[in-house]
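Structures are listed in the sections that come next.
Each of the next two complexes has subunit A plus one more chain, namely subunit B in the first and subunit C in the second.
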Partner chain A sequence: MNEVPLGFLELRGVTKQFGEFTALEDVNLSISEGEFFTLVGPSGSGKTTLIRILVGMDSPTSGEIALRGDVINHVPANRRPTCMVFQNLALFPHKTVGQNVEFAMKIAGVATSTRRERALELLELLRLPSDFYSKRINQCSGGERQRIALARALAFDPEILFFDEPLSALDFRLRKTLEKELKDIHRETGKTFVYITHSLEEAMVMSDRIGILNHGKLIQIGSPDDIYNRPLNKFVAQFMGEVNTLAVEKAGTGKVKDSATGSMYEITENGQEFESGFMIIRPEVMKIGGAADVLPNRIQGVLFNDYALGSRIQYQVRSADGEDQWLVERLQDDPFSGNAGEPVTIGWRAEDSILVSS
Partner chain B sequence: MKSMLQRKVVRALIVVWTLTVLLFLYMPMMAVVMASFTKQRYFRFPVNAWDTRWYEKAFESLSVRDLFWTSFSVALLVTILSVVLAFFGALAFARYDWKGRKMYQRIILLPIFFPQAVLGLALLLWFSSLGITTSWHTAVFAHMIWILPIVTLIMSIQVYSFDPVWEEAAYDLGASRLQVLREITLPILSPGIISGAVFAFLLSWGNFPLSLFTTGADQTIPEWLYSKMVSGYTPMVPTLGSLTMGGAAGFLLIAFLIVLAVRRLRAGKPD
Partner chain C sequence: MKSFSDWIRQPGLLNAVPVGLFLLVGFAGPLVLVLLYSFMPPKTFTLNQVPTVENYLSVVTQSYYISFGWSLMLAVITVALLLVITYPIAYGMTKLFNRWATLITILVALPLLISENIRLFGWVLLLLKNGVIDGSLQYLLGVSLSGLLYTVPAVVLGLVYVYLPFMLFPLVIGMSMVPDSLKEAASDLGASRLQIFWEVELPLSMPGILIGSLLVFILSLGSLAESKILGGQVIVMIADDIESAFTFAQNWPKGSVLSVLLITLSLVIIFFLFRNIDLDRLVGRR
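And then the complex of A and B:
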């Protein structure tokens, strides 16, 4: 038989059933050493179940999990060389910051002085002043607790570090800072990080690769660029944020037809097979007003309203009958000068449409 | 706006009220303590001749020693058993959602609301129909029926604020089940365990109605106090009463010191 190259962490046909309910269905995944891999999915997609199986707090109904080629399905969490940063961090409230960080080393029987030295190193790595060592957990802020939880997990020196949406409870700015910090820590430690989140945006910032999970199935695995520019289906395309979606079918070379209205649109053929499905156009590639007049794909509509999104402004345009609505985004310093209620033309280039079959 | 005078009056009234309540609560107990230092053979108040000879007698008396050991053994055993059972009971109540949990919780609490004398009588009937000779051992069982639900309730309050994810995190960091219990569960739940133990001990130590029916030939201090009040009064009654109170107060003090020491130990040095 051929030698099959094994991934560092390998999932083969992992299925989990709770009674009649299938939480995970035939999940196959291979994660390489040192990778930052993120599993993204909406709530109820099975991502929490999957991470609990990966850390060893739950076991799959069928399928195999292998670490460096050894099947670890039945190795309990405390015997696995992996550990997790929990969603609510699970810092021990009765222990000081230092005692929290040192916990795994204490369990492993590391000498007190070595433990202390290592804990202080980790606090420094996570940009926490050394006087935090003797602080109590309830004296620390949300961001500081994140760092302590990460330090505690790193002190375990795990082969894989799992994250169960630890940033979800933080405010936007702090989350953005910590996302970048986490990516930096990943580079500095060179460890394998497996992260789960419901935010594809968060995943994009940090990950080498992303896996999209929905209804217990792994729908697409790819680089952030793949996921963004080459979504495999409508779900993945819409998961990133608001997009324009149109049901279409193939109508000759370089053309598709709107299944409902029969309008024709130009597309760029990229060799992918497509019979019928959806055309996805991101709001930021759409043009509005004069800029749209020269484009091959145009739609006449009425400007309904505009919304400030910070760095961009979003315009909602509705078709004359009010049935369809379209989103167009322009940079905040380049606003469109139309008024609500006025007729406008919107359009996009042939190469800006993404076609998905389902 | 309130004037300074008004505020002063209000503050004075609060002080007077507080002192009145304290006086009302503690004066009777003080009276017993004072009565225990009397020279007379009869219960009289106010006391006009002071003496400590009843205390000397109490400490010399072998039957008092017996009484003390019976009360202490019962209370100690009740404490240990209740704390162990309530610990697991509280975990089961607070952590797992099973069918009929609420109902079971209520049923198990029900004995608290029965008159203790009735409960004692019922137990006595039960013991004799089962052919069990009552002694201080049966009293332990009787006390448990009343005290265990209370201790479970006290511990449940602490367990409800315990997040099982702490245990998972420790387990994930390599700790065995036993290490999780020792490092995480017990220390975090220790305030609840200590207050549960204090309640168990003091409720058993001072219990009279259940003991009366279920100790058989053995006698606890409250039983002895009652029997001597009914017939054959001796100034040993207030003396022993004061000593029991002192014992309870001393027990509370020790528990308090333990809590303080544990807290200091934890905050002070890395473990």
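And then the complex of A and C:
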């Protein structure tokens, strides 16, 4: 990501209440110009409320939203230089593809011929053949509609383009393709993109920075690398995907103690300020069988089951007392040869665990 | 290729038989009879005469165009007034009133349970000289409004009042077909309220508007009670002429000619109204 000064879009103490319910609590955020910023959160985390406030369809109960330093709290959506691609796309069914793309320009009073020219340019940018111009919306597939919605928003020439989970209704392969296309278009147009999604995986692919939202609070903001390797708490780590989580407390230098069983594990000195909380170990850094025997942190268990995840295989190992379940992943072309029901050793290196205090 | 026995055994077709027979006897039959009678000699009551166009000629040369004119004009006025009156109500019912909308629906539909004529006589009591309005005004303010009843506006009032539900409910359905997200999207793309109305709301609720207008237009065109009860002798609408021809004048062929002309007129107007409009296309289903 290029270094650009922060403060293009700024949120200061944004709070939104619906009666007694607090949908957003003291959200502070600074988005820079040209950035691809993604807000991620589970359903009910307040991300839709936040994007509606950002677009101008709703206003915050308290706090400020500033664009280029001007507070825009009470500027209605139709007077903001921003635009959104809706979750359901909200394409106009009674208009052709061309009329949809040209809508903002028609509203702005742009001449018909200029409109048409620009619409055709945008269709080309979004890899849609020019004969789509006169097609009707319901003649277009899901992926095509996606591109039309994006073209319509780009035709508005917004300062910031917002996305409200537009890919969530598409099948996996198409979603993957469009995620990458979106990132390409971000690069080609140089516009500021603010994207919301419930999928951290989707966020990882596209974003310069990610903000994690839960229960109306912004929990962590960082690059995809930050979020992945340095989660601030258990929620962020678990939101990333399946992880092994263990409640632990500090037990002398370079060691933590399992709060439940008292087992000791080695950690690196990164955990210096750590007192108590959780140890996170990703399934893909775990070793199983012979490779685990030489590691400082080992657990004896029984192989319970294995799951094919495509490029990887996941093994579920249950501890001897049956209390804990551990997940271990290996590459699909390097499988573990044990059978279900057999005792196995699993383990991890001291530097492969992440400690979070909450 | 399906055989006839397969074709006749389709469940859809079999299920359609009872209503088909009913429509044949109750709807198509009378229409055909009327059409046949219109070609019989004047004042005959049988269909075994030599067909003639004499009735058509006499109707065209007489002054029936006046009652046709009144009916057409009042139907157009009623449709126009009802569009203006019910659009805001329908908008409120779909977007603003929430649970109160149900109450309004019931209140609007309830009068339909009472005979139209009885309701119109209620208006007579209100508008009559020395009636509820006139009498109250005289008593309270000493002003008299005795000329309310038996006027063209009174007939229009009756038509608007009686056919309001037939415009309101199709409009409500039409408007509820416009998703809020489309209006939000239009606003987000810079459209003002008026532009949202013209570009999104109006075209997408057009099926409801057209169906409501059509219902009210056809019903008003063939209306009889409003002009008779609230209009007295001030105007004669075409349905009035048809009724007189069949009953008072005992001239079935003439009544049939007037009926055929009214039906044709309606069909022509519907054809021109809907010719360029594809309902499926309007709402994007095709």
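Assume the second predicted complex is superposed on the first by the 350 of 358 C-alpha atoms of A that agree within 3 Å, B and C clash if a C-alpha of one lies under 4 Å from a C-alpha of the other, contacts with A are read in each partner's own complex, and residues count from 1 in each chain.
Just so we're on the same page, a contact is a pair of C-beta atoms (placed from the backbone, for glycine too) under 8 Å apart; a residue touches a chain by one contact, two chains touch by 3 or more.
As the structure is a prediction and not an experimental result, all values here were calculated from the model.
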item	value
Joint occupancy of subunit A by subunit B and subunit C, clash or fit	clash
Touching partner for A:M57 - first (subunit B), second (subunit C), both, neither	both
First, second, both or neither for A:G44, with subunit B first and subunit C second	neither
Partner chain(s) touched by A:T96 [first = subunit B, second = subunit C, both, neither]	first
Subunit B versus subunit C as contact partner of A:G290, first or second or both or neither	neither
Partner chain in contact with A:F156 - subunit B first, subunit C second, else both or neither	both
Touched partner set for A:P335, first subunit B, second subunit C, both or neither	neither
Partner chain in contact with A:A108 - subunit B first, subunit C second, else both or neither	both
First (subunit B), second (subunit C), both or neither touched by A:G241	neither
First (subunit B), second (subunit C), both or neither touched by A:N78	both
Touching both subunit B and subunit C, residues of subunit A	55-57, 76-79, 83-84, 86, 88, 90, 92-94, 103-104, 106-108, 136, 152-153, 156
In the complex with subunit C, residue positions of subunit A that touch it	55-57, 76-79, 82-84, 86, 88, 90-94, 103-104, 106-108, 136-138, 152-153, 156
Contact set on subunit C toward subunit A in their complex	179, 181-182, 184-192, 195, 199-200, 203-204, 281-286
Interface residues, subunit B side, partner subunit A - complex	163, 165-166, 168-176, 179, 183-184, 187-188, 266-267, 270-271
Contact set on subunit A toward subunit B in their complex	55-57, 76-79, 83-84, 86, 88, 90, 92-96, 98-99, 102-104, 106-108, 112, 116, 134, 136, 152-153, 156
